[in-house]
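The following blocks contain the structures, represented as structure tokens.
Look at the two complexes coming up: subunit A is in both, with subunit B in one and subunit C in the other.
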Partner chain A sequence: MIEPYIELDDVSFAYERCAPVIGGLSLKLYKEQFTAITGPNGSGKTTLGKIMTGILRPQKGCVIICGRDSAGMKLGEIGQRIGYLFQNPGLQIFAPSVQEEISFALGLKGCSKEEIDSRVSRSLRDFDLTNLSDAFPFKLSRGEKQRLAIAAVLVNKPDFLILDEPTTGLDMERRRALSDILLGLKEKGIGMAVISHDRVFIDRLADRTIKMHGGEIVEDRT
Partner chain B sequence: MKTGLKGLDPRSKLVLVLCLSTLGVFIQDIGILTAVLCVSIALSTASGSRLFVLIRKFRRILWLFVAIAVIQSIFAPSGRVLVSLGGIKLITAGGLYKGVAMVLRMSIVMVSATIMATSNSREIVQGLVQWKVPYEIAFMVSVAIRFLPLLTDEIKNVVTAVQLRGIELDRIPARQRVKVYSYLIMPVVSGAVIKSRELATTMETRAFRAYPKRTSYMVLTMQRIDYTVIITSLITSILTLILYIKC
Partner chain C sequence: MTVPLEVRDLWYGYPGGKGDVLKGVNLAVERGEVLAVVGLSGSGKSTLCYCLSGIVPHIYQGNLRGQTLIKGTPTTSMKIPEIATRLGIVFQEPDNQLFSPTVEDEVAFGPENLCLSREEIGERLELALKQVGMEGFRFGSPNQLSGGQKQLIALASVLSLDPEILIFDEAMSQIDEQGKAGIKSVIVGLKERDKTIVMIEHDFDNLDVADRVLLLRDGVLQPFEGRL
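What follows is the complex of A and B.
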């Protein structure tokens, strides 16, 4: 079969001075699949997502991204390949305006002015943020923050996306819009792992469903 | 039962910390400042603070201290010129001396503050209240202490989030760097403002200040060691200051 994009090999993780949250977990995620990760609260989904993106480093086992052991990769390097949406979108918003939040990473990477402008206005349109483009991001509502955070992740064109409960705080219409956008990305060949409880959302998009319980995978259905 | 400095009453710790930081602020002499810093470190460790863990955690921003020393020395030049650039006196002997003193002073204040952090915030409020400090003020102090670790968490989050956008922090061109640092401060400040507003509303809804007098479940009592610590630290620091001013 094809190479996995992210591979976890016998990974164990415990938070500082706490009991282990994830014990000896192995998993292969493919770019060609849309993977949904479900499970009750506290089953370790967020922790798993953070391990996959290198925010948390496992005490045992290794995480292989694109065939390279991620232990030797800096967070910035991983971030160029994988886009990650925090469960709490407030944590990843830091610029003084909505527009700048989306554009600043492009500017630092040396994109041209025209390119930035077109990508930003496209992204504002996709996420229905155009009339908020000069707003102060900290004052946005939960759902607006969520959309902004997703827009800011997607504008960097990552190869693989890990989204932690992306539909939380979105109304029905916005959920639909988001799943349309994700379907479009899937067709473009971008790999995705989405943590979600939203049945409708998952059923529409997922090729593979992983169910977690107590830090272990209890079900893996393709 | 805790023994020695570990079981000190929060009020004795407060006096100790105030004495140490007062010395740190008033004294200019590098030799004495170093001595005060050593004493602070010794007392902080003895009182059971996690000083070295903290230093290890903050080792990344230690360069900031060096930067402060250099900036100090640029803006307050005096004495022999050590390094100059195109006629501008960059580092001078007098400026460097002031810079080092500044760094020592900041270290003393921070190290002695870790002594305070070994009491939980509830104890500190109670200590202040029993000293007849109005409860509102005591409560504000405790909130400040309580929220500090959250602020450092927040900075860590933003650093992570910035990197996850595919930006390698050590490869940012110097011109852009300031902007990225401003990003780190922004959410922390506005987060703090928002949180404090929410806290104020919550307190109102729970009828904070509805009654003028409050009864405390917890009552602190001073032990002999507390009086010893208070008296010793007051006398030692006053003597040090007098000697310092006279000589």
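What follows is the complex of A and C.
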């Protein structure tokens, strides 16, 4: 029997002094599936993604990652397994240059200089950022920041990816390029959950579509 | 009659940047016209919005040549409040635009600064929130909204100003299908009221409300022929 990579068991979450955003939600996500998470604005999709990556901790219920209760895991431990793309890429960019943004996690992992250079060059090429490799990330356009943030997440080779609105700010050509890259990762066995309103993108990639409304799953289709 | 929004041979490069982002842009947008601008990311679309709205050169200086004219007056000779009474811009990233503790304060901020009567501020606030379908969030904090909802509030805060010219920089990028349909009908309504609209779009499905589509490629504005 295939084990879920991420499992949420009766999870509830409310922001301080606010009504619950997620109420008693249970869900299993598998590495073997590309899961799309859809639903209207404010339905709890981004909150769900942040709960799955440990950025937000549920007030009730538990999140199990690879068979372990994530309540006992540090954010860094979760980050080694799950790559997360924020809805606003400006929130996760911090390095003084594009190439340093991409190489940062590889340096922390202790990769050799040759390996870092090779993976960063490949990543710059994949995301059409080679000519911007020395640019200051905060001066990039929204779409360029989005490509950089995705590149920095993917270069880390996580086992599972949670991407929040990855096509926002991307033009049609870059959307197609991103879906090609994600299809390649899917073939390599990387699990993915993608929060998106982009129907064309979802229809091309998703094996399973979860629809949320009012903090609950109202449809789960494979 | 004076053209509401006009750009004449505009060149612009950011301070410390490598060369010009905009290279000789010429543009005139008429009353009641919806102009869409498409292009690859990094082609200069948001920079064009900054130039149209006077953010360049009032906020970002850089190397600017040529002119942007709002109703015949160069933005360089207008003060920001003067521009803001005529032109409203919805930024690509709503987090860059929202600053008030409640949605109500956010949407009322513009009309309050226009020194309108309390009654009119109230009417504009209600109408703007209704137009974007966010009436139920009036007393909440913008910080606790989702990305798409923040975009809707940023849009409402511009609609409540009721400017003659509106610039939407990918204003629908995080909004769900129902919300997009609602905003497109708002744009059609604005056009019927003779407003001048420039929309930056990546999603070709949203171009159906545009009267004209132009392509910005490497800082040069040209007719759009279906390919980026």
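As a convention for this text, the second predicted complex is superposed on the first by the 222 of 222 C-alpha atoms of A that agree within 3 Å, B and C clash if a C-alpha of one lies under 4 Å from a C-alpha of the other, contacts with A are read in each partner's own complex, and residues count from 1 in each chain.
Methods note: a residue touches a chain if its C-beta (ideal position, glycine included) is under 8 Å from a C-beta of that chain, and two chains touch if they have at least 3 such contacts.
Nothing here was measured: the structure is a model prediction, and the numbers come from that model.
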Partner chain(s) touched by A:R142 [first = subunit B, second = subunit C, both, neither]: second
Touched partner set for A:Y84, first subunit B, second subunit C, both or neither: first
Partner chain in contact with A:S179 - subunit B first, subunit C second, else both or neither: neither
First, second, both or neither for A:T35, with subunit B first and subunit C second: neither
Touched partner set for A:K45, first subunit B, second subunit C, both or neither: second
Contacts of A:S123 with subunit B and subunit C, given as first, second, both or neither: neither
Subunit C-contacting residues of subunit A that also contact subunit B: 90
Footprint of subunit C on subunit A - complex, ascending: 15, 18, 39-43, 45-46, 87-88, 90, 132, 139-144, 146-147, 165, 168-175, 197, 199
Subunit C residues touching subunit A - in the complex, by the definition given at the top: 14, 17, 38-42, 45-46, 92-93, 95, 144-149, 152, 170, 173-179, 202, 204, 228
Subunit A residues within the subunit B interface of the complex: 53, 55, 74-84, 86, 90-96, 104-105, 107-109, 138, 152-153, 156, 158
Interface residues, subunit B side, partner subunit A - complex: 157-158, 160-169, 171-172, 176, 179-180, 183-184, 186-187, 190-191, 194
